[in-house]
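Each of the two complexes below includes subunit A, the first together with subunit B, the second together with subunit C.
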Partner chain A sequence: MSDETNKGLLSPFRRKLLMGMAALPAITMLPKTSFAQAPATSAVNTTGLAVTDTEVTVGILHSATGTMAISETGSIEAEKLAIEQINAMGGVLGRKIKIIQEDGASDWPTFAEKAKKLLVNDKVAAIMGCWTSASRKAVLPVMEQYNGMLYYPTFYEGLEQSKNVIYTGQEATQQILAGLNWIAKEKGAKTFFFIGSDYIWPRTSNKIARKHVENVLKGKVVGEEYYALGSTQFNSVINKIKLTKPDVIFTDVVGGSNVAFYKQLKAAGIDLSKQALLTISVTEDEIDGIGGENIAGAYACMKYFQSLDNPNNKTFVPAFKKMWGEKTVIGDVTQAAYLGPWLWKLTVEKAGSFDVDKIAAASPGIEFKGAPEGYVRIHENHHLWSKTRVGRAKLDGQFELIYETADLVEPDPFPKGYQ
Partner chain B sequence: MTDNRFFNRSEFIGILVLAVFLVVILPLTLDVFRLNLVAKYLTYAFVALGLVICWGYGGILSLGQGVFFGLGGYCMAMFLKLEASSVENTKIQSTPGIPDFMDWNQITALPLFWKPFNSLTFTIAAIILVPGIFALIIGTAMFKRRVGGTYFAIITQAVAAILTILIVGQQGYTGGINGMTDLRTLKGWDIRPDHAKVVLYFFEVGCLFACIMIAQFVRHSKLGRILVAMREKEDRVRFSGYSVANFKIFAFCIAAVFAAIGGAMFALNVGFMSPSFVGIVPSIEMVIYTAVGGRLSILGAIYGTLLVNFAKTSLSESFPELWLFGLGGLFIAVVLAFPNGLAGIWGDYVQPRIERLISSRKSKPAGWTDSSVADGAPAE
Partner chain C sequence: MFGDYSIGDLGSIFVMQGFAGLILFSVYVLMALGLAIIFGQMGVINMAHGEFMILGAYVTWMTSNLFQSYLPGLFAGYFFLAMILAFVASGALGMLVEWVLIRHLYKRPLDTLLATWGLSLMLQQAYRSVFGAREVGVELPQWMLGSLHVTESIEVPINGVFVMCLTVLITIGVAYVMYLSRWGRQVRAVVQNRIMAGAVGINTEKVDRYTFGLGCGIAGVAGSAFTMIGSTGPTSGQLYIVDTFLVVVFGGAASLLGTIASAFSISQTQSTLEFFMSGSMAKVLTLLAVVGILMLRPQGLFALKVRK
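This part shows the complex of A and B:
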């Protein structure tokens, strides 16, 4: 109870009224550690991290160059925004956050090298970073060996759980199942056609989707095709779609390939207002490249859209645009990246310490009410409880919220019956 | 001016300086993290060394050395991955005892071609033989048909592209784009802690010097002279009765085996292997290391590799968003201003001065000052 009010008090998104009325009576009940002004460094840092009496160092590790830069820039921006806001509120345990940014350069070994540098040389207290599964897989052994703390923002394939990672995006079952249920019910869909980029995330996601379609929805998968990353020729698969006439096209094509895919779909005369298409890989960021007119009518299934109508998001979006420019768009992963620094701050305050072991132990149960997507909570397995939402792409490149799950969906990185 | 000694004096001093630098100075001045980075850079020095023989001496420009680096690296990584995937370590999987990425791809038994990699002896043999034989096949197919120059370079690029696509596409067997991560032990010996990194570093430096000796031997033997002759006027060598193709194949195979040893060292030192070292871009980068260092100089190539990689790391640490421009500028500057790379600068400017300095103090010993310049002459 005292915990909840504490979080509410520290969140920048709570209205003043709420803060005053709801939190005041509870202040007397706050645990001492989380309220004390600046506890001694020796007490909050017993493992030699870069924490001084006034500062704590945190690493940001994304691709600022290379093919992934276009996707990861949003995450860097969101993390910097969150850290600036936290500093404006007085920092963490009375210490301002200092950022050391490293470039993973879209190259997985470089990610591992830089993660090691951040942990061993700079002794950062936490790392906000990674984007692709490949970069996370490269960094994971480093995090475990040198006992670091990574906040990873991307929706991903699951099948992983580590003491040293908090996954702020959705794992595959969280993202996919509710969306499939909705479209099966809403559109009476029975037949599905899967198209993905050829690497671990789409393959695992489609595996889960296939089991769900066949075993739970009692439908049929009429085609499953994969294309190399960066591929731009989708004509043959579009012909197959025309032949098989599936009720739903289910796609997890990533990156620049999307531009070619949706343009060729449109050119082939497939009208997305009639043909149902459910994507789990297109966020507002991608629509920027695809063009709203090419994808309008498609459904996307994830946990956040920039257009979400809630008080937190109404403060978050303008703050983001003020810092990074009016033209920026905010996709699902950008929002998830924004959660990282906040969740870390809340956990540090609950643990009363920057020590990685204590943070790992204190993470389950941490709640963040100021999340732009709405309330989130960290599960025992270090993933987030979050809602799943379906949005329909509009001409202006935004999504219109069509459906959201009533409750938070439990993260299940090792789903039984789906492996 | 023929010099029958294995080293001339300046070469001997050069190798001695490099040895002192790598064995004494670096380990004493750097912390383990930086030393491990140097170990990573040195894995590329093996490739650069091979390119000196193949490109600098043989005149065969290969833009596909990443292929051999990758083959060596994957052979090593497969052994290490199998050891890391013991039944106890992989209890959580639906099929314990196989590498994690196979489990994610619904493979339920270890594929046949993986099985021999349970043996370290086989793995070490494979690291040398697989790339060696592969180079032999490509070399024979190309050089026997007298495909050379630009066409050969293009074909090696194509091979690099094909192998990358193959590795990425067959992710159940290769780990796909993620590569093979989380390599832990070598015959039960943990390769991850600091003291292991130091041991591996010295082991690698030892292997590097062994390769330097082989390269030096090739360069100084009659074989090396034929390679140079071939580079300068291929037809004359052919008309003199030599089989040009066989010499080219040999140079290409040596370069491939050196690259593979580098790759295996990489898997050991860095603890993983991924297709991003196999493709076209890393292959070209490896050529750049050699070009910066000086493609005619064995030691130059090693210093070049160290310098470029060091610049890469420090520039990217200081300017995360701009560093690529700085690095690009460095390459253009070196290639435009100093076509023979660092070794060229050394040979043209620094060395003559040092020698003048020495000879002004002592009486000049006859005949060794000019012998070192012969190798540094431009390729035209």
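This part shows the complex of A and C:
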């Protein structure tokens, strides 16, 4: 500090200087507000959410620890990437998104408790989160009671719809029916063997698949088997598959069991290049653990594969790898999680408000043209219109796109004739 | 359900189902041997058993990566070295844990349950921090994949045969160490009467440490072998812990022979039932049978005869 200033502080000049300093915070705020021309906070936030003139707070609620961390890590990464990209573009209504991340710890009551904390204490404008249906079911009453907004990324069994949830993954009929139609037509498949983990999603999905096979495709289900979550021994069921010789093995085995199932299938001499296998539960994430050599040749039916060849995906995949490392892979749910923050931003901008009621009302009809899976649109029932695709697993752990529906498939969470 | 199939088909399925049962049997024995030593001989309820197994699995994964990068020519044989390293790593961690934690709790066996449960959570989070939350895929040499074609329709999984041979070898090894070696005699002496064993000059602390290390080391080898049939992730150990305790408790805690008999009866019941009904139902019935027998025989199948 120079002598001159020192004198100044002692002189009448001091008062002027202090006045100038008092104005400093206001000056630093000026460029941002004038640049984005953000609307006044009082106008866009009438319900007391955590929205300031420069920031809006959003919650991320996934399991970073516990058994589900395997799956949910990808979703956390995708949501952070989307939020960073949105912030780089100037944020939402001129406000940067601030993240509060909570850990559901693979425990459903913890999910509910953390959701309540995010809504009541932190007053977040939206929550990106949940993965398993169990965690979503635990969080749903909290979202409805405290009027929050949840963006839920996982493909799931359907039979649910809420004003307070946007389902960015596919519901069961969207995911399954197109795949079954394709394999019946392409492989002339008539007999199916179902094997799944024993909980609500595989059971509901297989119920839908069975009705479709029997009533629409006029085929036959020659076996339907469930194994407890975490089972690692599948030799008996593999023998049953060998005995019944189905045209298609249809699987929704999840978690660590998945790895055991495919390793033992291969060890038992079932060659997936000859035996058709259609899975709705294996994404690129799971193949990391299973090993490409154990599952190469299997078909998977979902809406997104990392290898999709479209301009959006070609910018999305490198951006994801740049942020999270060259070796990370991107599965269906990870992509669906990436859609959450973007759909929320578009809805907020259409509604011109952060208020949850206005967002819920403005959501139907929201289009996102930048989705890595291609164009998506929100349906009146808060699910997404999306294409269904069939991919074939390759040795390197990626899927090769074999088939995609010509049009977007309508989400139908309460399918008639399938319940 | 068999009306539609030919005799030949059925015959080969029964042969393969027999093998499936034997493979399950070897898996159970391999899982339970380490715990049978720790729980059976030392009375420590080691809830972190699964995590010691997964340490072995991660060591195998690292070894396979090393061989792929630096010694691709020897990749076909890396698995044997990986199993030895898994034994050393898990055994060393086991001895460390015994020194830091377990030795203070010998007089409070129920507290070991809580302490090792906490240890298992810490190890899981450590694996997650070091290796990442996602599962890793352990690449196996080509000769260990696929199956042996015995006849046109009978195929025996190679990895199953490998696990069976390994189980037999390790069981013989453990039986020799525990029942025929001088050190095994010391272990059994300490188990029967710690104070008297100390009085006749056995270094009980050292015996405890090595016994615990041996049990953990065998868990590591089991984990290494299970990379062939299961997943390797931070929480994969949890998949094994229930079955492991089931086998050890059902067999009668202090008896190696009991562990083997119990693994055999549980695995055969389960794999037979699995063939005739769905997997979940088979598990339920197996557990019911185990609970029923334990109600009649709380000490398990084989129990040491002790004077009450």
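Note that the second predicted complex is superposed on the first by the 383 of 419 C-alpha atoms of A that agree within 3 Å, B and C clash if a C-alpha of one lies under 4 Å from a C-alpha of the other, contacts with A are read in each partner's own complex, and residues count from 1 in each chain.
One rule holds in what follows: a residue touches a chain if its C-beta (ideal position, glycine included) is under 8 Å from a C-beta of that chain, and two chains touch if they have at least 3 such contacts.
None of these values were measured; they are calculated from a predicted model.
Engineer: Between subunit B and subunit C, positioned on subunit A by superposition, is the outcome a clash or a fit?
Structural biologist: Superposition result for subunit B and subunit C: fit.
Engineer: May I ask you to decide whether A:F155 touches subunit B, subunit C, both, or neither, giving the answer as first, second, both or neither?
Structural biologist: Neither partner.
Engineer: If we overlay the two complexes on their shared chain A, which of subunit B and subunit C does A:A228 touch? Say first, second, both or neither.
Structural biologist: After superposing on A, A:A228 lies in contact with both subunit B and subunit C.
Engineer: Which partner does A:Y167 reach: the first (subunit B), the second (subunit C), both, or neither?
Structural biologist: After superposition on chain A, A:Y167 lies in contact with neither partner.
Engineer: Between subunit B (first) and subunit C (second), which, if any, makes contact with A:V237: first, second, both or neither?
Structural biologist: A:V237: touches subunit C, not subunit B.
Engineer: Where does A:Y403 make contact in the superposed view: on subunit B (first), on subunit C (second), on both, or on neither?
Structural biologist: After superposing on A, A:Y403 lies clear of both subunit B and subunit C.
Engineer: Identify the partner contact of A:A64: answer first if only subunit B is touched, second if only subunit C is, both if each is, neither if none is.
Structural biologist: After superposition on chain A, A:A64 lies in contact with both partners, subunit B and subunit C.
Engineer: Please work out whether A:D198 is in contact with subunit B alone, subunit C alone, both, or neither, and reply first, second, both or neither.
Structural biologist: both
Engineer: On the A-aligned overlay, A:G291 touches which partner chain: subunit B = first, subunit C = second, or both, or neither?
Structural biologist: The answer is second: A:G291 touches subunit C but not subunit B.
Engineer: Would you mind checking which one, subunit B or subunit C, touches more residues on subunit A?
Structural biologist: C
Engineer: Give one of first, second, both or neither to describe whether A:Y338 is in contact with subunit B, with subunit C, with both, or with none.
Structural biologist: The answer is neither, since A:Y338 touches no partner chain.
Engineer: Once you lay one complex on the other using chain A, what is the shortest C-alpha distance from subunit B to subunit C, in Å?
Structural biologist: Minimum C-alpha separation, subunit B to subunit C, in the superposed model is 6 Å.
Engineer: Would you tell me the residues on subunit A in contact with subunit B in one complex that are also in contact with subunit C in the other?
Structural biologist: 64-65, 198, 228
Engineer: So in the complex, the part of subunit A that touches subunit B is made up of which residues?
Structural biologist: Its residues touching subunit B are 64-65, 101-103, 105, 107-110, 112-114, 116-117, 120-121, 133-134, 137-138, 140-141, 145, 157, 159, 198-200, 203-204, 207, 228-229, 414, 419.
Engineer: Give the list of subunit C residues in touch with subunit A in this complex.
Structural biologist: Per the touch definition, subunit C meets subunit A at residues 5, 9-10, 13, 16-17, 19-20, 23-24, 27, 125, 128, 132-139, 145-147, 149, 153, 155, 157-160, 226, 228-236, 238-240, 270-271, 274-275, 278-280, 282-283.
Engineer: Within their complex, state which residues of subunit B touch subunit A.
Structural biologist: By the definition above, subunit B touches subunit A via 31, 33, 37, 40, 92, 94, 101, 104-106, 165, 168-169, 171, 176-179, 181-182, 192, 270-272, 274, 276-277, 313, 316-317, 320-321, 323-324.
Engineer: So in the complex, which bits of subunit A are touching subunit C?
Structural biologist: That would be residues 64-67, 69-70, 73-74, 198, 224-228, 230-233, 235-240, 242-243, 255-260, 263-264, 266-269, 285-293, 397 of subunit A.
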